[in-house]
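Dropping a structure here in structure tokens format, bear with me for questions.
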Amino acid sequence: MAGLELLSDQGYRLDGRKATEVRKVQARMGVFAQADGSAYLEQGNTKALAVVYGPHEMRGSRSRTLHDRAVINCQYSMATFSTAERKRRPHGDRKSTEMSLHLKQTFEAAVMTQLYPRSQIDIYVKILQSDGGNYSVCVNAATLAVIDAGIPMRDYVCACTVGFVDETPLADLCYAEESGGVSSLALALLPRGGQIALLQMDARLHQDHLEALIEAAMIACKGVSKVLDEVVRQHLQEVSMLTAE
Amino acid sequence: MAAGFKTAEPLEYHRSFLKENCRPDGRELSEFRTTTLNIDSISTADGSALVKYGNTTVICGIKAELTNPTVEAPGKGYVVPNVDLPPLCSSRFRPGPPGELAQAASQFIADIIESSEVIQPEDLCIERGKLCWVLYCDLMCLDYDGNLLDACVVALLAALKNTKLPEVTVNKETSLPQVNVDQRHSLNIHRHPVATSFSIFDDSILMVDPTDEEESLATAQLTVVTDEEERLCCLHKPGGTAMSGEKLQECMSRATVRQREIQKLINKVIHSVNMEK
Amino acid sequence: MEACSISNLKLREFGCEQSLLSRPDGSASFIQGDTSVCAGVYGPAEVKVSKEIYDRATLEVLIQPKVGLAGVRERSQEQCVRETCEASLLLSLHPRSSLTLVLQVIHDDGSLLSCFLNAACMALMDAGLPMSCLFCGVTCAISADGQIVTDPTAAQEKESRALMTFAIDSTERNILMSSTKGSFSVHELQQCIVVSQKASEKMFQFYRDSVKRRYSKYL
Amino acid sequence: MKETPLSNCERDFLLKAIEEKKRLDGRQTYDYRTIKVTFGTDYGCCFVDLGKTRVMAQVSCEIVAPKESRPNEGIVFFNIELSPMASPTFEQGRQSELSVKLNRQLERCLRNSKCIDTESLCVVSGEKVWQIRVDVHVLNHDGNLMDASSIAAITALCHFRRPDVSTQGDEITVYSPEERDPIPLSVYHMPICVSFSFFQQGTYLLVDPCEREERVMDGLLMIAMNKHREICSIQSSGGIMLLKEQVMRCSKIASVKVSEITELVGKALENDRKARKAGEKCGFAESLPQERITALKTDKTPVEAMDVTEKVDDIIQKAEVPPLSVPSPSLPVPGVGQVGQNTWGLDEEEEEEEEGEEDRDSSGEEEEKGTKTQKEKDKDEVVELSDSEEEEVVILHPDT
Amino acid sequence: MFSALQDRVGQILLPGDEFCSDTDDTISLSEPVKSEKLVCGPGLRRSGARLLVCKSGVLRHKPPNVFWIDCQQRRYVPARGETVIGIVTAKSGDVFKVDVGGSEQASLSYLAFEGATKRNRPNVQVGDLLFAQFIVANKDMEPELACIDSSGRASGMGVFGGGGLLFRVSLGLVRRLLAPNSDVRSDLEQLFPCELVVGLNGRVWVKAASIQQTLIVANLLQSSDAMTATQRRQLFAKVQQGAL
């Protein structure tokens, strides 16, 4: 890649991480009182906030009610200050509409919607600071928020973005790597069954490398799911201690 | 009782009048409503005119601005007409983007300006390829009671004749335009297009200058635009009952009479405004 | 009142294909020389409450240009085609329903509005909608030297002094719709009307032949 | 207008048929429907028929100012129009979910994979570059719009020729096709999309789903590749649970299909180039299927015009000549004229003191005052302009 | 008028053609001027003394005095007494909303089933197929369906559809299928046994022994839509020995 050296020959990346190392994940659940479920997640410098309302009765267009399962309504938007130059239309443009579509689809697969027929679950995700991997950070934050709301899910949904430089897959790309024209693959995984809820790839990559890239992405996702699992257990510990007194 | 009959059976109500070939407001079939013209009523515009066809009121304001000509036509300035039907002129128009009637009217006015060559675009050019005038002609309907197109054409023509453009000289070194406001010359108008609208009732009866009610009950609309040399600039009939060549000929002769009438009116009013200055 | 001379008038080769699309209820493509248009008709179908008319069907015409979005010119052409179709369709037979006519420009090489009208008429017939008469579109241009040219190409249109498009109905050959550009004398207008009425004979004969060919298997 | 609903029995039958590897039109699981590629009259216009799905693509170019972030690169813009002609559910104007998804996927597949050389589109670096606009119109929706649109878009781009251009200083001249023959775009590779539909939670897989199969499928995996077996983009949608092995199997099938389609497109482009070189007429008119009974074509037909002049003359004679005398307008006050018998007796109110102003208090006047332009009351009153933002207020006296 | 129509039977007519009665009823002393009664079906419209054609198609004649235009149409317009296949779209209160492919959704009361009472309601789910008859269908009223005939028996109507395939054909083919001794049906019978439900709104439901045969019948019917009788027989014969 022209310009900056994405992967030095000793195997270190721009921010000093190893090829398969995921950025530092810090998360807190139950950050808002009035929401049914909420979570704040930082993955490296990318900060996202997820809020879940529901399952509640259908509001807005009644015609979309499904008589056998809940309708998931997702909205993805980026704060105007989240990127270098100010974003004029935070959620109207095609990119964020598509991102909301993908979130909706990912969680329609993971959440057990058939338990709540004729109802609606709203998931709102806001990117406060964007440093690459927006999609995967949103999915991870939303997973925590749905768990915090107590809505049953088949499994954690953890996502990760993987790049491919000089024949080696790089886990969890930051903005510099993503915009450097690296072919990036975003993967949302249900770790226990190894099932892929969503797969999205840009830029050119030869077919033979595809297997290696997906393998690396699944390992990275499993790593993220361990971190998320640990955050949930610790949150439940605190809550149970408070109620125990 | 007549009001009840009119709202219950509007078509029958009108037919009863048309049998004695007159109309609910007392006019004959080929008679126009009182046409009132007021020139130079807006001082902030470079040219303005207000026209009333009975209740239908249209005001036209022309603002001239300096701009560089388009790549395809470096030697020509251009005219940007726009017909606006705000909600205040009739309950049928809702706020928001212009509806089909407003857009069709704007397109009609643009076609008239181009087809009738009322002004030569070359007159609007100051410096070939660099600087020219653009005339924004905004026609706003203040009260909609049928026959919008006739009122718009007369308002536009009167406003164009009333337009005064300041002198512009391009300073050689800085190539910046210098505008001296007090030295103004008016546009020279080559042709005087005047529109005459008809509507056809019950596929047979032809009537001139329809009101809003007559327009909504009519089965066809026709607008003929002629200039002083009896050349036709536009024959706009967007569908509706078919008309034979003879019927069209009848309309065209009525239109030429109307053209002379309006031209006389405009010249007199312009003359009175200049006299008074 | 100078009149223009009329000699060797001709119509470019034209053709039509019916029910070429599977989804619309009626569809037709019409080709005049290089100008070609594709039309699709849906209806009588469900109508939006805001557009519902109690005693007749609501006809909606949409013109899609080849490049970019529909502008003011397409909107005024839509009005012409819509009111022409409304004059020929028996809308009162299907109250509170909607008819949608979509016209897609395939290629514009002159006489586009008449190609719209011909495609619309064939598509409405293909959809089996009740009509009181047929209509066809004829475009006449008056060239710089006063010649009348029927069915002009884009080049002929550009350097013509005046351009007129007429919709003519099949029963009494009268003028349903007229849309003109440029200036012309009354005499020239009447001449173009009579020429268009003559040309419409050929078009209606072509309509009859194409329907005859289409039903040739069911006689 | 809503789509006709899908009945339960139709859904059950389709799923059972797929389990027995049987499809509605008798295709195998990995078969494509017949693909027909034809070209329009001018360069850059191409039609793709994928079974009954019909799509038209048109490429056009325009000189615009470049983006600040990339001053010496041209701009390529894609737009898929779901025309209301294609299906009763497509509405005019409103961006439906499907249209957003298709547009984004086409953009990702053709723009992010850099298949068009944008540097060659630069005319004057930083000032003027070519903007290539690809409009894809969907004419008939019978399933799998993504594949049809991507084939149409890339074929139209290869078929397109932009006018030649030369620059002297900052003056650029664009040559029309007659002066210099236009230049093709430089296309590095041709990404083609292949769509796989999944049924019964991923157990069954079909290529190129038709419209009925799309309505019963759980999800869709779209893989865009070029003939050098490079993957340009992957996108999975719908609530499906994929396994890694399935994705790998799909990419192998995709590479086979892509090479077939690329070869077909290459042949079509070649035939068209030969036809244009041989000077034959080409375009939509030629592709009219003459053999079908629903199509009919006639060649040039003369219009006999013998008795035109007689007819016109008798029409004009019959019409009565318009009267020459015309009622003259009355001028109650300078600046105001009126013609036609006036019903409101304007003259009696002659003695109104405000001259030069409409003295009838018709409704038109009040609203007009409400409008932003302040109407001039009379000569000496200071004309107070609307709160326009210029610093100093210029008082205009109309009678100077 | 009668003879004018008579000699145009089998020809193509376009909207706008008309038959006026005054041309041919020459007052002849010989045979008494019988007032012939004409029954004009779809595609013909009476306006004053004239008979106007309003759809393009072939003029057909049934012996006594019935004339109609056989027009190829895809969009169904409900008419009283016609049996159609509908899809249940909604259950609101005691009325089912049924999609019949027309301009409005038809309504079907829960009592309009055989043996249905207030307590013993019919088991109808959203998405089921219904074979029903129109009891009310005109342009000014919402169409109404019923699954019982005048004597209260179902006679073949009601919910059906397990295991078969529903597909759409043009209204012309449906009329030919339902014609008394229709040749299309006789050709089909020679192929292999199958169950066929034909709705006048262009919807056909077919179920054969295996899925393969059901698909073959469906494809045959859809392709024979635009074929002459001879071409169809060849196709059926080819299928007979070929792809069994």
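Structure notes:
Note that the chains take the letters A, B, C, D and E in the order they are written out, and that residue 1 is the start of every chain.
The criterion applied here is as follows: a residue touches a chain if its C-beta (ideal position, glycine included) is under 8 Å from a C-beta of that chain, and two chains touch if they have at least 3 such contacts.
Which protein is which chain? UniProt says A = Exosome complex component RRP41; B = Exosome complex component RRP43; C = Exosome complex component RRP46; D = Exosome complex component RRP45; E = Exosome complex component RRP40.
Bear in mind that the values here come from a model prediction, so they are computed numbers and not experimental data.
Shared contacts of subunit B and subunit D, meaning chains that touch the two of them, come down to C.
Looking at D-E and C-D side by side, the one with more C-beta contacts is C-D. Taking the mean of each chain's C-alpha atoms, the chain whose centre lies closest to the overall C-alpha mean is D.
In this assembly, the chain whose C-alpha centre lies farthest from subunit A is B. Look at where the CA atoms of subunit C average out and do the same for subunit D: the two points lie 21 Å apart. Chain geometry summary: the mean Cα position of subunit B and that of subunit C are 28 Å apart.
The distance from the centre of subunit A to the centre of subunit D, each centre being the mean of the chain's C-alpha atoms, comes to 35 Å. Taking each chain's centre as the average of its CA atoms, subunit C and subunit E sit 32 Å apart. Within subunit A, contacts with two or more other chains are made by no residue at all.
Under the contact definition stated at the top, the residues of subunit D that touch 2 or more other chains are 293, 311, 315-316. Among the residues of subunit E, those in touch with two or more other chains are 226. Chain pairs that touch one another are A-D, B-C, B-D, C-D, C-E, D-E. Residue ranges of subunit E in contact with subunit C, taken from their complex: 10, 12, 14-16, 18, 45, 52, 54-58, 70-75, 77, 102-105, 139-140, 172, 226-228. Those residues of subunit D that touch subunit E in the complex are listed here as 4-13, 16-17, 20, 22, 24-26, 293.
On the subunit D side of its complex with subunit C, the touching residues are 1-2, 40-42, 45, 52, 54, 56, 58, 60, 81, 83-88, 92, 133, 135, 137, 139-142, 283-285, 288-289, 292-305, 308-309, 311-312, 315-316.
Residues 87, 89, 99, 101, 125, 127-129, 161-166, 205, 211-212, 214-215, 218-219, 226 of subunit E are the ones touching subunit D in the complex. Across the interface of their complex, subunit D is touched by residues 31-45, 50, 52, 55, 57, 59, 61, 88, 140, 142-143, 182, 245-246, 249-250, 252-254, 256-257, 260-262, 264-266, 268-269, 272-273, 275-277 of subunit B.
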